[in-house]
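Each of the two complexes below includes chain A, the first together with chain B, the second together with chain C.
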Partner chain A sequence: MKIKILLFGQLKEKLDAGFIEIESMEDSDLLLAKLKSEFPVLSDISFRIAVDKILIAEKVVLSEKSEVALLPPFSGG
Partner chain B sequence: MSHHKIKNIFIQGAIHPSFIMESIQKHSTKTDIGAHNIFLGQIRGDEKDGHQVTAINYTAYEEMALQKMTEIREDIFAKYPLTCLHVYHSLGLVPTGEICLFVFTSAAHRKEAIDACEELVERIKSELPIWGEEIFDNGTQTWKINK
Partner chain C sequence: MERYQRQIILSQFGREGQNKLATAKVLVVGAGGLGCPVLMYLAAAGVGHLGVVDKDVVSLSNLQRQILYKTEDIGLPKVERAKHYLQQMNPEVNVTTYATYLTTQNAVEIIDDYDMVVDATDNFPSRYLINDACVLLGKPLIYGAVSNFEGQVAVFNADLGNDKRSANYRDIFPNQPMENEIGNCAEIGVLGVLPGIIGCIQASDVIKLITGIGKPLINQLQTVNLLTNHWQTFVIQPSQETRSLIPTDLVAFKAKDYSLLCRLKLDIELDAVDFQSYFDREDVVIIDVRETFEKPEIDHFHHQKHPLSTWEKELPSFDKNFIILFCQSGKRSLEAAKILSQRDENKTIFSLKNGILHWQNHHKINLNEPS
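Then we have the complex of A and B:
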């Protein structure tokens, strides 16, 4: 099962895509490790992870319905 | 209550001064208001390596931003005795010198209007998933960093 990961800001530009799809993982820590191994550029840019539109502060269990997004530092206003 | 609904805050392009003027005008019938406080963010023409910022291109994770803004709005209403508050943020290209953020608080007295407005601006800048990309006069671009 694949999971869709939304990209924003600098990450959208670096990966030249609005989203990426990778094999779904059980939780956010495993997903992050997999993302960093498949997309080495993610180790060069700081970002936080949102699951279902909420920033996560610790490991979160994922389902195939989870909406995951990678968010570089905000710069609104 | 009406201010607990998800409201759209995004405006495509710059926020025109006429929109701000109309927004002020609309409050004249609310006679319990004694103080308004307005914050306007304007695109600064910063210079870097001899090149000037000519615009900022804003993008957002819109659904998350609106959800977060609803939460911030509820917090602010719970903390300060406000009559109303309004927030508008640009998306897309906003040229240097134009307005990109409009925060408007109204209350019976000045202190709560001023304090609420300041807290709103800080929270908007640090908590809303919005990104600004500075466009320079030589065509190069850099991702803005909030200080």
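Then we have the complex of A and C:
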């Protein structure tokens, strides 16, 4: 089961895509580890992970329908 | 009152709303792409007192998005031109200008005079400085930021009653990014209407906060993508760790160097996988920066306890050349590593990435008290 991950801001440029699809994992920690191993550039940039529109503070269990998004900070004004 | 007639006839707003605006004092930090629309709409709406902080002068490349200024203003201080045009538009509004950068030395004095603050700056050190000052002074902060075709808006530190405050910037992004992580504003592109839209949402939430109508973006982060017209709202969960990343008081705030933290180009996070290989090295000291009461207790490797909360009083010294810091989730230890790196430039300083809980999971080690 593939999961679609929405990218925001400069993550789009770093990964040259608006979203990525990877094999879904059991929880958000495992997903994050997998993302970082498949896309090493993610280790060099700050971002927050959102699951179902919540910026999660700790690990959450993922389902097939989970909506995942990665949000980096913006500095521009 | 005829000037404001079209908003006074709004039933939720009324004369009462207009009077609240007239007595309100709002500080706008940054008179650029975000600051211009914020200032223009707040002045037009009749916010009684506006403060504007900006040290820059108008330049040609500003005019594509900084819509207060005209070509003939090039080379002139932004705050002066802003005041001139705002008072031309609405003479009933008082405008106080501060032709300076906001620093830890002047921020408290300037911010304390106002009811709330609008973050319309274009760099991370200012954003973290303003956030921390607003938390310490108990001021609501209306945040906006842009990058390329996307923007973010939120209301931070709003008064929820019972001495409670809503989430702040550090609940979303706990630590200031290093300079090499995210491009700064001078380098990134921005479509001119983007700060216009984001600034207007900020102005709208300022008006809602002052008049008490509607639902401002409290504990919420609004994202806007102009290319797709995708607007999304994310829930922000306040974190207990956030407060320990903010200076404990105004004295500690004034001593903090926000710009230096951003200038540091460091690769200072140590992966959990590699942590174990440092346990028995003679030249390494491992430091727990958590508060002394925090669990789990760690007895798997030698370490010392120096809670981050005590560092403002006295920065701990270590005779080893290799220092590894850890905390629960890796946020406080990262902050500690940055602080220590400023003083001990010649030492190798690491923060355990994602903290001791992650390491514990990673190694499936049965510590004293499983979490």
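The rule is short, and it goes like this: the second predicted complex is superposed on the first by the 73 of 77 C-alpha atoms of A that agree within 3 Å, B and C clash if a C-alpha of one lies under 4 Å from a C-alpha of the other, contacts with A are read in each partner's own complex, and residues count from 1 in each chain.
Heads up, the rule we're going with is that a contact is a pair of C-beta atoms (placed from the backbone, for glycine too) under 8 Å apart; a residue touches a chain by one contact, two chains touch by 3 or more.
Note that the coordinates shown come from a computational prediction; the quantities given were computed from them, not determined experimentally.
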item	value
First (chain B), second (chain C), both or neither touched by A:Asp29	second
Partner chain(s) touched by A:Phe74 [first = chain B, second = chain C, both, neither]	both
Chain B versus chain C as contact partner of A:Val60, first or second or both or neither	neither
Touching partner for A:Ala50 - first (chain B), second (chain C), both, neither	both
Dominant contact partner of chain A by residue count, chain C or chain B	C
Partner chain(s) touched by A:Gly9 [first = chain B, second = chain C, both, neither]	both
Set of chain A residues, in rising order, touched by both chain B and chain C	8-10, 50, 53-54, 69, 71-77
Residue ranges of chain A touching chain C (in the complex, touch as defined)	8-10, 13, 29, 44-46, 48, 50, 53-57, 69, 71-77
Of chain C, residues touching chain A in the complex	30, 32-35, 119-124, 127, 144-148, 150-152, 172-173, 175, 177, 180-185, 188, 190, 195, 221, 223, 232-237, 239, 358, 361
Of all residues in chain A, those that touch chain B in their complex	6, 8-10, 12, 50, 53-54, 69, 71-77
Partner chain A, residues of chain B touching it in the complex	41, 58-61, 63-65, 67-68, 89, 100-101, 121, 124-133, 143-146
